[in-house]
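Some structures to go through are shown next.
Look for subunit A in each of the two complexes below; its partner is subunit B in the first and subunit C in the second.
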Partner chain A sequence: MSATDTQPELEFEEVLRPAGFGARVKELLRTSWLFRIGLVIVVIAVILAIIGPYIARFPLETATLDTNEGPSSKHWFGTDSNGFDIFSRVLAAPRIDVSIALAATAISLAIGSLLGLLTGYFRGWAGESVMRVVDTIQAFPLFVLAIIVVVMTGRSIQNVIIVIALLNIPIFLRMMRSQVLSLRERTFVEAARSSGSRELNIAFGHVLPNGLSPGLAQAPITMGFAILVTAGLSFIGAGVQPPTPEWGAMIASGADTIVIGEWWTSVFPGIAISLTVFGFAVVGEGLRAMYLRQG
Partner chain B sequence: MSGFVLRRLLLFLPQLLAIAIVGFALLRLLPVDPVSRIVGSFGTDEARQSAKETIGLDRSFGEQLGSFLEGLLTLDFGESFVSGDSVRAELGDRIPVTLQLIGIGFVLALVIAIPLGRYIASKVGGRIEKVTTVYALFAGAQPDFWWGLIFLFVFFFKLGWFPAPLGQLDPTQIAPDGPTRFIFIDTLVHGQFDLFVSALKHYALPIITLTFVLTGPILKIMRQSALDVISSDYLLYAKASGFTPKRVRRMTARNSFAPVVTITGVLLVFALGGAVLIETVFALPGLGRYALSRTLDTDFPAIQGAIVFMAAFGLTVYLVMDILYALLDPRVRHSRD
Partner chain C sequence: MLFVRDLSVEYPEIGRTTYAVNDVSLDVPAGSVVGLVGESGSGKSTLTLAILGLTRGRGRIAAGNIEFDGENLLELSEDAWREIRGGQIGLVPQNPRGALDPAERIGMQIEEYYLAHRDATTAEANARALELLTLVGINDPERRLRAFPHELSGGMAQRVLIAMALSCSPKLLIADEPTSGLDVTIQAEVLDDMRRSVEAVGSSLLVITQDLGIVANYCDRVYIMHAGEIAEEAPVERFFENATHPATIALLAAQDQHYEHERVRLRGLPVNTRNLPSGCYLHRRCQFADHAAGCHDVRPPLTDVLPDHRVRCHRFREVPELAGRRADVGTPAESAAPPHARGAAPTNGALLSVEGLVKHFPIPGSDAYVQACQDVSFDVKPGETLGVVGESGSGKTTLGRCVLRLLEPTGGRVVFDGRDLHELSKGELRQLRKDMQIVYQEPFDSLNPLLSVGRQIREPLKLHSDLSRSERRERVHELLGLVGLPKAVADAVPQGLSPGTLQRCSIARAIAPNPKLIVLDEPTSALPPEAEADIIRLLNDLQERLGLSYIFISHDLALVREFCNRVVVMYLSQIVEIGTQEELFARPRHPYSRALLASVLEPNPRAKRDVGARAERLEGEIPSPIDLPSGCYLASRCHFVRDRCRSEPQELYPLVPGHDVRCWRVSENDLTEAEIEESRRRVAASANPDAG
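Coming up: the complex of A and B.
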């Protein structure tokens, strides 16, 4: 027996390893100018969520006598009917909007993925019932559900987070479930099982980590949607309450005066939402395309 | 096929009933007090008690649920706590406003997005394709209520092309009384063409706002879907087998519609509730604003009525979506039958 006998066997071991996450994101940054813009927006939004309230040049929630002033060198974005400096509040608002989106998305990703794993891996009447419930919830106009629940439980930031998290659970549940349904038939699951792993360990140790990618790629898109829902609820008075600096509530405070020409109160916070949600959507789309292309 | 439709139909009523009951129970579990809304926080005990009896909240939960379900059979949602009027009649006034808004908005969005998506899918890499694709992504991630305000500023305040956002008609005009409550139909039935034109002008900006935002996601899906079909093996096979170009085109269209049906259904259900934002900006007396104001007033019968209608609407859309999906894509039909 010479060593060369085993040589052909070894060649099969040289499986092409897919590029790591970091390398793939770098590739995306290099090829897509849109993704670069999106990522810059997301990074700025997250930084503002942390430091926004501290870099404000004027007090955020203290009314002044400088009411309804147009943009000037003193007040770059003007002031609203309470005399609040709009520029300061636009920069401080991510503390509320982005934090709500982040918390709500994290909760729905965690609970949705967990339920998706359980209903997909351990199929049975319980899993089927969960899916019927999810079907039924998804067929209801969810924005109205959000209005009813937030208003009736008290219009606090915490309740907005909980409601938006609940609304988004079905998306992540479905994504994880469809992953699990195909993963559970794969060889590595069978291998784990034949080596004596317990079912729960297989589900959490092997299937869960392999099925997370679509949900993680969806997360930025859901965050953008969460910002839209938060701002929408606050715009109609069913979300975060003034004088807390929040983009949707700020737009609402200028909604009556924009039709008589005082545009700045609503325009600037709206631009902030428009850019931020677009940034999150672009990043999410990029990650999703990357995931679909390279698996 | 018929078996599949029948199974879907059998699910409809239990789902509707479940949403109605959960909504009913939710209102009574949440920490709200409709009685205080009526008599005030400092009302006497007698006043509270008589108010409670008037609106029927003195009865047990079971009795209340029983009469709610009994009313459902005849689509009777009871009388509003706030106005004392029949909730069904109030809904009958509000629902047409929202349906006209989102109905026309969706038709326009589809009419724009489907041909445009199909067109740019055949021009990948071109300038038009790039611009349109960025627009699709952008519009799908926008606060529609803010764009409504921007359009008002530009087209009402600056240019004066459209009337002030004061509802369906000018304040001096009176809407015809019936028969359908859809203002575009009723004005024509009564031959009031000036009111029809006025309504058209009042609805124009809200519809443009909705269409501007909705076209994005539909366009994105249509483009992707058409691309998938164009590059698919079965289309190549069809061409290679000598199918006529007409038949190939029909096959392409048919197979790329299924994802569009899905996204349209999902958006339509969301828009029924989401319309409250645009209704608020343009002061349209629609279902969304009704649900919002009655929620703020803890008007249980009104909220229940709105919930039941919205659930029935959503479930119907999903039902139609599933049936269309099966009709469009033979693979679905065979896998489920």
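Coming up: the complex of A and C.
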């Protein structure tokens, strides 16, 4: 307080900087223990996606004779019918799951936002047609649509990414579009026009940046959802194929033996999926609440 | 009646406490009208809520007492409070639309209010509601009782709230900025009706306002608040003529163009009551703060200047001398006439000429349309300021947008600098935009919240000049200097800057490409009074230095008079009168212009709006712009209406060169001064009984 007293007199108000993104996230971390937990899970998932395969204590895709062993001090999560070490594979799977989800989310965020911007800012028949296509996509049960598309185009990681991206484009498109529809009426947009800016420059320079926050806050939630879909597709055999370490495929491989008491093959990857999806969802919710609070 | 003594209200929080109200003493004697004036954040509302026993949240009354009608309110039980609140003390809130329940008929709402305090039958309550609506001047009260709030105009909604607050004949009525959202003509009517109703019921009135015109015209005594304390209190005439507190003088200087101490200003933002400084709370903002006088160390007591004039300032004896007189600064010639009204504007060819401009907004799904501009023609000469005045809905903002072709007009021509804007290609139009700019009403909305101010000022430079990156940066600093801001503002984002500063930034952006014409769309209406005066001064200054032409769109006639060479008066999409500032303000001819001018509240208690001026007021409601009358648009509201007015659309008739009026009675000399005088006398006579 004494510091403010000795301050030189200000002719003008102090130039206040609003709390930046970093400061706001820090505030969120301070106030929400759920967000803290979520963030820890997300960070671990991302780290495993990078180094998971390298810290495995056992070869990931080489069959051994130690089949169907329960959890022990050697194999912490036990082994499956091929003799793979489940603990190593659970740690290595984010390489596939998180990467697919990340790529799919990034693609849908980019394409969805772009289309949302264009259909919202330049309204016309082209934009309306895009909206009707989007309606059609959203009218299908998502998982069924995913299965159909993957089966039709072939089971590859690229196709899984494309399918999940396609499923999520409508969400980001609608979010951006609703922002743009209100932003385009704001005075600063007309001010840019009256300065002589081109419409395209106004759309990308002024409207897009102001409309991004809801989409960015939605992204982690979509990530969690994408992990779930990836695992789901692999579980029914439409996605990643064994022996590639992937949580959904691992659950599937243990599904037959769980009835005879060999639960570890499915349960540990299942817990991994739940935790990861939960972590991403909580982080996304936190960011979204933050965005809603402060705009 | 109401005696507040040494009241302090604080909001304790961990670490630091907000001292919202500090040692406030305030009296509202029976039958008087008291004004409470202060910037936003000065503690006016907290004080009001404390008087009503509604201190919010963690707030607590730390000291003092509130005596009302012989009782100490602070010792009352919650039940007794409830009886007083509404029953004995009525409140007219600020936002009339938000204060009414949108899903209930207004008759029901008034009855409910009444029945909460009176043991009456529904029929009695209903009769009371009808009586009240008549009292507050609502036409056709039986029908209005059954109306829903959305069917009422803002002025009517405010009247309903006044009726509600008066329903139990309270001994005190508190009006919290009762007209801040209303148009000028409506404002004067609502205030007249409120004062009359209050007198009829025999209440006292406490008016909270920032508008000194209201204070001068309606109040007997004034309190001015700063940082939660009373800075000065005085009877209204002394307040306007012998103010001694620097904050009061600054306020008067900002709102009264003829005020003697015109150079006094308070610096910076309102004092943060969370972190009150030592000494006088205002010493950092005050240009007269002096170590020797103790301004920095000792909090000044509220001292008697005269028995009924108190001031909280160490230097109150010297301040009026230090503040300097109007004659001391500037040349007498300059100060005698309003700065921009001197001499005729240059007469060589028009910079902008608008011919027969029409703008309709179609209503989707029907053939109907909203008529926003109809047959609007005028010229703007280089270096001139053309004022466009009118109430909200008169089409003045649409006109500004059409002139710049930010909206496509439905018909007519706009010729700018010899080029017809509608024959230009998109590219040519973009090029031409550097010559015509606009400054908007809402300071927060007109700048992109994400980009730094500097970047936004650079944008037009990038488009219209071939300056290098560093030259552009240099130019931004230069522009900020021109609008009186430090360079550091270039790096700030809009959030966190005050409205006045933001408006300066918008002006800097507008002048960046060296335009010839700037459309000023109510550039000061969202600003506090002090900032408003500064912006007007700045615009004047820039016009002189840069030779700009302005189209100044405003509903504030005092500003238009001070600032414009020529004035266009708009009513319901049409120009009803156009003339030079001197002509129009000295001798308005059209009945609408007369009503508009008569509704101005001068910040001078010796020039109160008289009964005669009230006679000019318009009757009834503005017609809908979708369904306009076939004759003169004013016919249904005009005192001087004839049959011909109802059937014959009115042309803009020239009176003398440069002065046109859309009224056949004026143009054919049919409307005489004698008739106007007669009408004034009639209203004065009918106003007298209920004034006594």
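One rule holds in what follows: the second predicted complex is superposed on the first by the 277 of 295 C-alpha atoms of A that agree within 3 Å, B and C clash if a C-alpha of one lies under 4 Å from a C-alpha of the other, contacts with A are read in each partner's own complex, and residues count from 1 in each chain.
One rule holds in what follows: contacts are C-beta pairs under 8 Å (C-beta built on N, C-alpha and C of every residue); 3 or more make two chains touch, one makes a residue touch a chain.
Keep in mind that what you see is a predicted model, and the values were worked out from it rather than measured.
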Practice item. For A:H206, select first, second, both or neither according to whether it touches subunit B, subunit C, the two together, or no partner. Key: second
Exercise for review: Return first, second, both or neither, reflecting whether A:A63 touches subunit B, subunit C, both chains, or no partner chain.
Suggested key: neither
Practice item. In the overlay, answer first, second, both or neither for which of subunit B and subunit C A:T187 touches. Key: second
Practice item. Name the contact category of A:I51: first (subunit B only), second (subunit C only), both, or neither. Key: neither
Check your understanding: After lining up the shared chain so the two structures overlap, which partner does A:L29 touch, if you call subunit B first and subunit C second: first, second, both or neither?
Key -> neither
Practice item. Look at A:R198 in the shared chain and tell me whether it touches subunit B only, subunit C only, both, or neither; answer first, second, both or neither. Key: second
**Study point:** subunit B versus subunit C, judged by how many residues of subunit A each one touches
**Key:** B
Review point. When the two structures are overlaid on chain A, which partner does A:G270 contact: first (subunit B), second (subunit C), both, or neither?
Key: first
Practice item. Determine, under the contact definition given at the top, whether A:A255 touches first (subunit B), second (subunit C), both, or neither. Key: first
**Study point:** Where subunit A meets both subunit C and subunit B, residue numbers
**Key:** none
Point to revise | Residues of subunit A touching subunit C in the complex | key: 1, 4-5, 9-13, 15-18, 186-188, 190-198, 206, 209-210
Practice item. Under the touch definition given earlier, write down the residues of subunit C that touch subunit A in their complex. Key: 267-269, 275, 277-278, 284, 401, 404, 406, 430-431, 433-434, 436-438, 440, 442, 445-451, 459-460, 463-464, 485-486, 488-489, 491-493, 495-498, 501, 506, 509, 513
Revision key, fill the gap. In their shared complex, subunit A is touched by residues of subunit B numbered 11, 15, 18-19, 26-27, 30-32, 134, 137-138, 140-143, 145-146, 149-150, 152-153, 156-157, 164-165, 269-274, 276-277, 280-281, 288, 291-292, 295-296, 298, 303, 306-307, 310-311, 313-315, 317-318
Point to revise | Contact footprint of subunit B on subunit A as seen in their complex | key: 34, 132, 135-136, 138-145, 147-149, 151-154, 224, 228, 231-232, 235-238, 248, 251, 254-255, 258-261, 263, 266-267, 270, 273-274, 277-278, 280-282, 285
